[in-house]
Amino acid sequence: MRILLINPNTTSSVTDLVASHVRRVAGDAAEFVPVTGRFGARYIASRAASAIAAHAALDVLAEHAEGCDAVYLACFGDPGLGALREISPLPVVGMAEASCLAATARGGRFAIVTGGALWGPMLEEFVAGLGLSDRLAAIRTIAPTGDRIARDPDAALADLAAACTTCAEKDGADVVILGGAALAGLAERIQPQVPVPVLCSVEVGTRAVLAAAICGLPPGQPAPSLASIGLSPALTERLAQE
Amino acid sequence: MRILLINPNTTSSVTDLVASHVRRVAGDAAEFVPVTGRFGARYIASRAASAIAAHAALDVLAEHAEGCDAVYLACFGDPGLGALREISPLPVVGMAEASCLAATARGGRFAIVTGGALWGPMLEEFVAGLGLSDRLAAIRTIAPTGDRIARDPDAALADLAAACTTCAEKDGADVVILGGAALAGLAERIQPQVPVPVLCSVEVGTRAVLAAAICGLPPGQPAPSLASIGLSPALTERLAQE
Amino acid sequence: MRILLINPNTTSSVTDLVASHVRRVAGDAAEFVPVTGRFGARYIASRAASAIAAHAALDVLAEHAEGCDAVYLACFGDPGLGALREISPLPVVGMAEASCLAATARGGRFAIVTGGALWGPMLEEFVAGLGLSDRLAAIRTIAPTGDRIARDPDAALADLAAACTTCAEKDGADVVILGGAALAGLAERIQPQVPVPVLCSVEVGTRAVLAAAICGLPPGQPAPSLASIGLSPALTERLAQE
Amino acid sequence: MRILLINPNTTSSVTDLVASHVRRVAGDAAEFVPVTGRFGARYIASRAASAIAAHAALDVLAEHAEGCDAVYLACFGDPGLGALREISPLPVVGMAEASCLAATARGGRFAIVTGGALWGPMLEEFVAGLGLSDRLAAIRTIAPTGDRIARDPDAALADLAAACTTCAEKDGADVVILGGAALAGLAERIQPQVPVPVLCSVEVGTRAVLAAAICGLPPGQPAPSLASIGLSPALTERLAQE
Amino acid sequence: MRILLINPNTTSSVTDLVASHVRRVAGDAAEFVPVTGRFGARYIASRAASAIAAHAALDVLAEHAEGCDAVYLACFGDPGLGALREISPLPVVGMAEASCLAATARGGRFAIVTGGALWGPMLEEFVAGLGLSDRLAAIRTIAPTGDRIARDPDAALADLAAACTTCAEKDGADVVILGGAALAGLAERIQPQVPVPVLCSVEVGTRAVLAAAICGLPPGQPAPSLASIGLSPALTERLAQE
Amino acid sequence: MRILLINPNTTSSVTDLVASHVRRVAGDAAEFVPVTGRFGARYIASRAASAIAAHAALDVLAEHAEGCDAVYLACFGDPGLGALREISPLPVVGMAEASCLAATARGGRFAIVTGGALWGPMLEEFVAGLGLSDRLAAIRTIAPTGDRIARDPDAALADLAAACTTCAEKDGADVVILGGAALAGLAERIQPQVPVPVLCSVEVGTRAVLAAAICGLPPGQPAPSLASIGLSPALTERLAQE
């Protein structure tokens, strides 16, 4: 079983970090094919960067999906998730969507903690788009963006744990999602300081994409064939398919 | 891997029907242990029957969960799901919750079609409880309850297909869940008549419980120890645990 | 006029406490027939206990409703309320529902304060099920459950008053419901410390059931006749009625 | 027990019609003091008419509340309800609010049928203001306004019954409120044609105001003293009170 | 271009204050015709005062709209806005509605800060009526009402700035509306102390009414002709028009 | 005054069509600078095409905004609107957002009619993202996409008018937005067949961008400087700015 692992930003060290954590979780249940975006922001920390990343993710999928059984979009915020599903013959799992659905299945209310202040309103809209706003207790961000946290995780642990604890104690969250590709593996490190379960978004997403690759689901409705210009040959071809 | 399959009504032929379909979907990925409720309605078709079934499901879990890796509550409507999770050391998957979350992960809006008019408002509240009302296009019921459909499926196929098609064409559903333990296997039979994908709730739930058994998730917060009277010894003991 | 007063937990001293407060409020407007649940948790402080209590309440109603004019379900959280209404020829009033509706009729937003941390998410879902989430300012719980508060009310008064005041000052509540059968009579004791009105759920429910017994309402639609096994004779018979 | 019955439009024959129906429902439980608005539209069938009626209702209350135990605002749409509560030392019951809360307490979803097309969006906002939109199945209006229906009820019965039936069969309503002071008494006449219970708003409101007069509720927070010009002496004085 | 500027309270010094600020914003783009309400509270600080102000605003419009190109209802809370639109042949802009829509068009979530505690729940309902509750981060009021703030703005600046900052830092607002006719011009004075943009409601409303006067929009549907008594001749005539 | 008019698809004849209609509406109030997307789908009729268009719109803005006073994103669905606002020093108006806000300001509920079935769920999410779902009566699409309608408008008029009428009569819309850059000018042609006002999205957006250019609004909070690769020089530079 092969799973395409899309990092839609353009920093290959983040791709490596995520891939390594994903493989640790999945064991030998599947082979992961990590690919970094060809263009766009080094790290996705704004709406503009996220919009470009959606295009970059489509570009990666069109080029690399062949021979895979499922697609794992490994950026918390899932840029382009709906669009990827539209053009993909394979099941596509987004890290943020999988985390929110898994949290919902636990009952009660969930919170999200991540790095980078702009992600606050962006994720609020993401959760609203899922239709899950009523289940969301809070979103709390700490100042450094994920890439900075990845470069020096120890410096961020106390702030992340404090934010998670505030979500539980002040916002009434029954579970907290520690969101972010670059935060892979930090949930278990802060769990001892937090009074409710902390979910690692990379880990939850990995399990969800394994389940999707194993189980599949009936395909959605095909999108119309669209002519285009100025895109990569693979993406041009994919958009033109019925 | 062993999975406890709880049929919370008291009709063992429905248990057999579900178990057989579940085993067909799961192949040899897991062994299923089907158990029928000890008390309550023959078939769950009202709020009163559903309330009693929640107790019956707790009773089954307390008696039979030992040695299992996950629990599959196989009644569309998931009576007692939150309560089961509270007292269960194992992941518990409900057929209706799993179906609604899987439908949500496809994007767009979903509908539910099932048998028995009283299930309409009951499922509406169930979806609201999940926080997914905004994603729900419609719930449509046909008159015969699931147990009657199970006894003569051919007589119901046309009505089920018509209800699903109405969900798609009139209510704008992008996918329809054919809900009901007793409707196991009918989705694929009506799919050719319906213009959008039809999900079999038994099948989606089976895949979800397999994924839960494989992947697990960090445990929730323990419920308090509670003294009780008049319950089965196993349930009395389980409630008394911290 | 006779009103069946159901205490769905299994502690008769709580039944006595509620009955005594109810009689003080109602004066000689009606005769109350208090009945304690036959099985289930000593005090309802979890989803599991509440699920079993729904069955126990149905069991009480089937056995004791005859000769009464209305039913008062005296547990804040109203376990089994919808199911009771389904099988009851009499109007059924739930303490929590009556309190939330009365608070809604005052305009502005209401809060709920009660004992026992697990009640927080349970009541949040209850209010959502009523469709009143938009009117809910907050739910705040103090640690001891209602039965402990009943055993030593003086020890809890300061915490209850503080929680109510926080609802008003921080959460913007215009009125606070002090919820819980076992908290009967405490609202008036903490009112002087709280800047907004504090409603006693036992008292509001008493008034609502008196009004229901006096005024009645056209009956709902009958539930289907359902066969069952393993239930008390009275409940078996009630479920079998059309 | 005396209850002030405010008809906020300016047609005394509507006041008489409502008063007669109210007395039939209440029997000798209370004395009703019917008062017609001093100024404003003959019948309230637009937002402008409703806005003026709110002022007229305040004017009536300031002049006539003395010596009464409760206030019944007898116009479905409850113009000025929140404002009346602010300046009233007595409990104030609105016909539409009471009907919506009573319908909510029955579980399931409710619909409203009334006369006059402009009431459709006005009542939709009213229900939204109550926070009960999620419980509302539909609002359906027939063309003639309530005053015309009152002048020739027989001509409207078939249309009212058809609208109620559509609410049940197409919109999924479990109960229908037949709203409108001028429609007093028509619910029972159309009930045989409608497959779900039809509530008469005048009747539900009467029972609610009786219950309020009997039971009372702790008072709300006092509004500030406000100076004013150009109002009736009684209203000027009432606004100036703390 | 002439714009009718309605101050629906009865204090002409507030009218003067608003008119002067409006003219400063609009320059010579339009001529403003300020009119003060003929009756009602000196300052609108309660539901009762607001209900009467709706009537007073209708009264002003009926008398003074002729020869104008647009109407500006200059009270934050927009008493009677829908009713004014119903009887007005001209576009009508409300200060609060225009501010909320402008804030919505900026993305993220907005908060409102104003004077007078009773405005809190009143504005919450106003925003709910607009359908924008999900975009509202918070409403915070300071104790003095707008007219007192207008008499001594310097005394209120620190409290207003603190409330705005709390909206940003604690409630997550991306922009704050400083609402209130009598607060004209204070936004720019507190902006330096607040970490997010502060919108002056008078200014946003002025720009919106200029745009409405320039651009127009297709007219709404006409309200029915209504007979009335006891109103000013101009309003009587206006209500009677089809 | 110069306004950048971004057509984010790649068909210059659509750009010409929109520009011509925009100029007709704006007269000589402003000079419009129309620019077509450099890459992406010929016409935007799917999520994938829309995701790429967001990038293309950012690319156009970075290259062409200099010397302009406002930006008009002329694709109904507003791909990349939030991202454009983030990187733009100028006010950015989206055609769909402006139309929905203008419709909201009219009171009641609005509907949207456009071409291309996939736009249905995409616009539903767009309106939900605005927070205006409660004000939305319906979205109805006709089969041909906007570019086909533009090539032969006469063939589509009857279907568009029928869809608008259904929105009014069946879905209860008080106003209908005819959405789509390529549908410029058709609203006035179908208005006579539709019983409620029909708004032309191109026209409403034009008026909104004129108002924004005239009035401006305080700037939002700046996005962080982001390094990137593989983008156009202008966009790379813009993302790198603080």
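To keep things simple, chains are lettered A, B, C, D, E and F as they appear, and every chain counts its residues starting from 1.
Rule of thumb we're sticking to: a residue touches a chain if its C-beta (ideal position, glycine included) is under 8 Å from a C-beta of that chain, and two chains touch if they have at least 3 such contacts.
Computed from a prediction, not measured in an experiment: that's the story for all the values here.
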item: Contacts common to subunit B and subunit D (chain labels); value: C, F
item: Reference subunit D; chain at largest CA-centroid distance; value: A
item: Geometric centre distance via CA averages, subunit C-subunit B, whole Å; value: 29
item: Rounded Å distance between subunit A and subunit E, as computed from the means of their C-alpha atoms; value: 43
item: Overlap residues in subunit E, where contacts from two or more other chains coincide; value: 82, 85, 107, 128, 133-134, 174
item: In contact (per the touch rule at the top): chain pairs; value: A-B, A-C, A-E, A-F, B-C, B-D, B-F, C-D, C-E, D-E, D-F, E-F
item: Residues on subunit E engaged by subunit C in the complex (per definition of touch); value: 120-121, 124, 128, 133
item: Complex contacts: residues of subunit A adjacent to subunit F; value: 10, 38-43, 45-52, 54-55, 58, 80, 82-87, 116, 118, 125, 128-129, 145, 223-224, 226-231, 235, 239
item: Sites on subunit B touched by subunit F in the complex; value: 107-109, 134, 172, 174
item: Touching residues on subunit F, where the partner in the complex is subunit E; value: 81-82, 85, 93, 97-98, 101-102, 104-107, 130-135, 174-175, 191, 196-199, 204, 207-208, 210-211, 214-215, 217-221
